[in-house]
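Below: one structure, written as structure tokens.
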Amino acid sequence: MAVPCAIKMENITKRFGKVVANDHINMELHEGEILSLLGENGSGKTTLMNQLSGIYFPDEGQIYVHDKPVTIGSPKDAFDNGIGMIHQHFKLVDVFTATENIVLGLEGEGRLDLKKASEKVAEICARYGFDISPEQKIYDMSVSQKQTVEIVKVLYRGADILILDEPTAVLTPQETDKLFDIMRAMKKDGKSLIIITHKLHEVLDVSDRVAVLRKGEYIGDVMTKDANQQSLTDMMVGHAVTLNIDRPAPVDPKPRLEISGLTVYDELGVKRLDNVSFTAMSGEILGIAGVAGSGQKELLESIAGLYPVSEGTIVFHDPQSGEDKNLVGMDPLAIKKAGVGMAFVPEDRLGMGLVGSMGMTGNMMLRSWRNGNGLFVNRKEPEKLANDIWKELEVVTPSTSFPVRRMSGGNVQKVLVGREIAQDPAVLMTAYAVRGLDINTSYTIYNLLTKEKMKGIAVIYVGEDLDVLLELCDRLVVLCGGQVSGVVDARTITKEEVGLLMTQHRKEGAVNG
Amino acid sequence: MDKEHAGHEPLLRMSKRGELLPAWKSWGIRLIAFFLSLVASGLVIVLISGLNPAAVFATMLDGAVGTSKRMWVTIRDAMTLLCIAVGLAPAFKMRFWNIGAEGQILVGAIASAACMIYFKNLPTPVLLLVMIVSSLIAGGIWGFFPGVFKARWNTNETLFTLMMNYIAIQLTSYFVALWENPFGSNSVGVINSQTKAGWLPNLLSDGYNKDFGWNVIIVLTVTIIMYLYMNHSKHGYEIAVIGDSENTARYAGIRVNRAYVRTIVFSGAICGLAGFVAVSGASHTISTSTAGGRGFTAIIVAWLAQFNSVVMVIFSFLLVFLQKGAQAIASAYNLSQEVSEMITGIILFFLLGSEFFVNYTIHFRGKKVKA
Amino acid sequence: MTQAQLLTLINSAIAFGTVIMLGAIGEILIEKAGNLNLGIPGIMYLGGIGGMIAAFYYELGGGASPVVGLILSFLCSLLFSALGGLIYAFLTITLRANQNVTGLTLTIFGGGVANFFGASLNTLAGGVGQISVPVTSSAYIAYTKLGYMGTIGKVLFAHGFMAYLAILLAVAMRYFLNRTRPGLNLRAVGENPGTADAAGINVTRYKYLAIIAGSAVAGLGGLFYTMDYIKGTWANDGTIEGLGWLAVALVIFATWKPVGAIWGSYLFGFVYWAYLYIPGLSRRTLELFKMLPYVITLVVLIIVSLRKKRENQPPASLGLSYFREER
């Protein structure tokens, strides 16, 4: 085929230690098209693109830009080849104006002609219909405007190939529509674009062609006009894999935690949870499915008293006293004092769940340090607990005082999960409990969770691997864009159906079934 | 995410050590740095004065601990420095940059001196108790303001406490003028030189030292209490967690702002107590040099000891030993007294630099290391 | 207050202000690169003694040209304070030592070096009596005929050249920071080194250069104090240290703006000397009065943090080490 290629990647392979992030990938970006790069979390999309933008250097393979072989060893090389990437985390200086950020680091004469630069920025903005003013400070901007500055920065440097890494993750639907208009305008102007995403309706909306990655491998590509949500989901998630996780039937399920109408906003005023309602039962594992950033973190932190709740209630049915307690407005200490047994394995293990500089014993104390009346902490029991977990979960560490920050990810997770289970809670919440763990450790964790369920505990499991969610959990709550797009029976639903729910907002869900 | 670009490996590359160095190794590095610093300061001395460094160091030793009187002065000054460093530890452990010890010492000293002057007729134990309490309160107040503003509005505490120092210095000047004795001397003179009211009493006397001992007992008690507080109390645990991660602290049900203010007040109070020790246990007077830069030196002591109260004892002695020794050199060889600060500076530079080699490894360009 | 008194007060304020202004604009450059250098008092000491040593040996050797003395002392002052800055830069940037602790050590070290040489120059040179460099100092103090022309002349023109150099440097610093590419890059380094790094800016090099250049400028404050303010003598009384901390305070007061440091420094000087002319101020209350610059600075610091106006905040990464692999 004689389609002129803006970018051609040949046999690109990138390894991190033993993990193969990209396995002999062959991919093309045609001149003047919008290509969607689709895949689940951890499928290797961002790694692949970072090799185009000069952040990583491929271990094997060759990259061609406009059919010429090139070596991209640094972000500067990427720019010299006309490639610009807009990262998920903006690299902007808050107190600078848009123009100042855009010209930052550029070479040129010593004197800085901001007026001239601003004119050029304004010109670019006018051409594509950007709504930023060159003199506006970054801290005065909305997330979408900041993203626009990043795009202008790339255009200002003369890029004709743009890569956008999950640009819509931080945008509202209206802002997303606007971004897509801009992308179409850039395409009309002759630019070639790649958009990384895992939202199917966006793929169908904006792109000309879709390329799919799964677990580091290139699955294939289709023209968008020949694709639909179902076919793309099949490519993205693949066929169900049997994991043989032991799943006994729930024991005597009764409502334990009732969430209704929960709505929260982040510090920027963006709605993160929108009228979320569901019930977690005792004696079952309730899975929370959804693409990354659909509100999982906010949901768990709201329940734990760590995130401000705007509306809604979180009612805990106390199995001992039979009382109902609304947890909204309580901080973790108040929740504890109210006698609510809440265990929480947060996503950010060392940044929230553990104290990195302390050993296992010190970290056991995180839950028990307040016990007892005296001025002094009790170290004996935490020490014993640390030793128990050390032995039972086979934590690899030289001693119980070895800083957990220096342990490997799997061991850190064992310490955290072990401690939370040892609290003998009524509710156990885990976020990405097996992320980064090897197979054996993962199964250890699954078995622990199932054991807790059999004790009559309400387990909430936020996960990213659909196969695991479908085999480990009893019911699933599917989140999409901060809303609940479905509460389903994990035993009967198919992977494809969950995949669809994950990528559909509720209003679209009504249309598609 | 930013990894080295495989194409451009620099000649030298530094990275954080994967595992902790065993204690003997890390202390070995510090010891090597200390000896290098002695060599460097020896060189400086030879260069500027042409003296034999060995003789100079011998003089130093003699000057610091050569007689029981000198030994006592060294111990006494080390105790005051230790008291300040111990007071600073909880604030620093929480990552609160309390540069304001200098001011907290001074207000503690003012409070002590005021009690000595206005309540001189109280019985000694009562008077001493009143002095101790008021110096604690004064230092605590001086810590309270930067603490509240930091907790509530995130006001930069380094700059805040720095300003509080100067306000305290001017306040001291004011009280020196108020209590001037004799008139026109622009100094307070020895307070209660006849009655010795409010002086820390004799504990042991060897003929020279009328107030031997109490400083040591008070400061070591504070040190031990602080050690227990930091390592075994619930508050100490809260401080350690907050210093590591505020999010984890909130997760563990710690009310961060409250703990913050409480800790800074406590830290300031102990520094205020150091002011009491300096006035009642050593100089029996007050002036703007009562703190004498020790509030700053103590920061370095606390930092080098990594906030461990027991290790601070060693560093306090080391620094005071160096100062006294250098002063002895100065008078023996007719050099300026300030040589002590110069040498202290050199040694501290080396010790600060050595921490890098404890925490980081250096890779030379060569074989490519697979990530 | 008579007109003559007011004139004296204004001139004292300008002289006093020039010392701390130089210290402050040096520190502004350093802080804009993200380093809080509490070694400024030590660096001002180094700058002062550097100039003094050069002038002293020049005059001891029979040098009689004020201009040569000036050039030698000026260069030597720059060298001393730049070296002080280099020590700080090496420790905080390359060896990643804590900035506050390193700065405080530099203050101890600089004070030690300066006062040691100040007191020992005599002895080392064979006991020539009081240290004084009248020849060199005369070049620093000299001003043109305009300085004798009426009140205006006395206010505006009766100062040594460094008073004007300080203003020039402050204005140049403002131009550099706001109107040049390296200035923009430097500010980015202090605000967000990760972003600067991603934009291809060599963070380490910018920090080193800013610290060394800023230290050299700050050291000039010490030089001006020695050569002009106390007329080419050396006093072992710790005044420079106090002035150095006031310079650090002035940076906050000026909310990190070089031109703000100009009028801020004169205001500090005015407040510092005003007590001489306020009737009925006892020796006691005057000490409270001298507290004013610090109280004002504190109030500014508080207001700045309450108002949260972004332009007035300290550089966002002030005091933090940057290490790319740590992110």
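Residue numbering begins at 1 within each chain, and the chains themselves are lettered A, B and C in the order written.
Note that in this section a residue touches a chain if its C-beta (ideal position, glycine included) is under 8 Å from a C-beta of that chain, and two chains touch if they have at least 3 such contacts.
Values in this document were obtained by computation on a predicted structure and should not be read as measured data.
Novice: Which chain pair racks up the highest number of C-beta contacts?
Specialist: Greatest count of contact pairs is found between chains B-C.
Novice: Could you name the chain whose CA centroid falls nearest to the centroid of all protein CA atoms?
Specialist: Chain nearest the overall C-alpha centroid, as shown: B.
Novice: As a quick test, compute the distance in whole Å between the mean CA positions of chain B and chain C.
Specialist: Measuring from centre to centre gives 27 Å for this pair.
Novice: In whole angstrom, how far does the Cα centroid of chain A sit from the Cα centroid of chain C?
Specialist: Their C-alpha centroids are separated by 49 Å.
Novice: On chain B, where are the residues touching two or more other chains?
Specialist: Answer for chain B, listing residues that touch two or more other chains: 1-2.
Novice: Okay, in this complex, where on chain C does chain B touch?
Specialist: 36, 38, 87, 90-91, 94-98, 100-102, 104-120, 123-124, 197, 236, 245-246, 248-249, 252, 282-285, 287-288, 290-291, 294-295, 297-298, 301-302, 305-306, 314, 318-319, 323-327
Novice: Any idea which chain B residues touch chain A in the complex?
Specialist: It is residues 1-3, 5-8, 18-20, 228, 232-238, 240-241, 244-245, 247-248, 250-255, 370-371 of chain B that touch chain A.
Novice: What residues on chain A touch chain B, complex-wise?
Specialist: On the chain A side, the touching residues are 16-17, 50, 54-57, 71, 73-74, 304, 306, 331-333, 335-336, 344, 346, 348, 350-358, 362, 365-367, 369-370, 375-377, 379, 402-403, 406.
Novice: In the complex, go through chain C and note every residue touching chain A.
Specialist: Touching chain A from chain C are residues 179-185, 187-188, 191-192, 194-196, 198-201, 310-311, 313, 316.
Novice: Hey, which residues of chain A end up touching chain C in the complex?
Specialist: Touching chain C: residues 75-76, 91-96, 100, 103-112, 114, 137, 139 of chain A.
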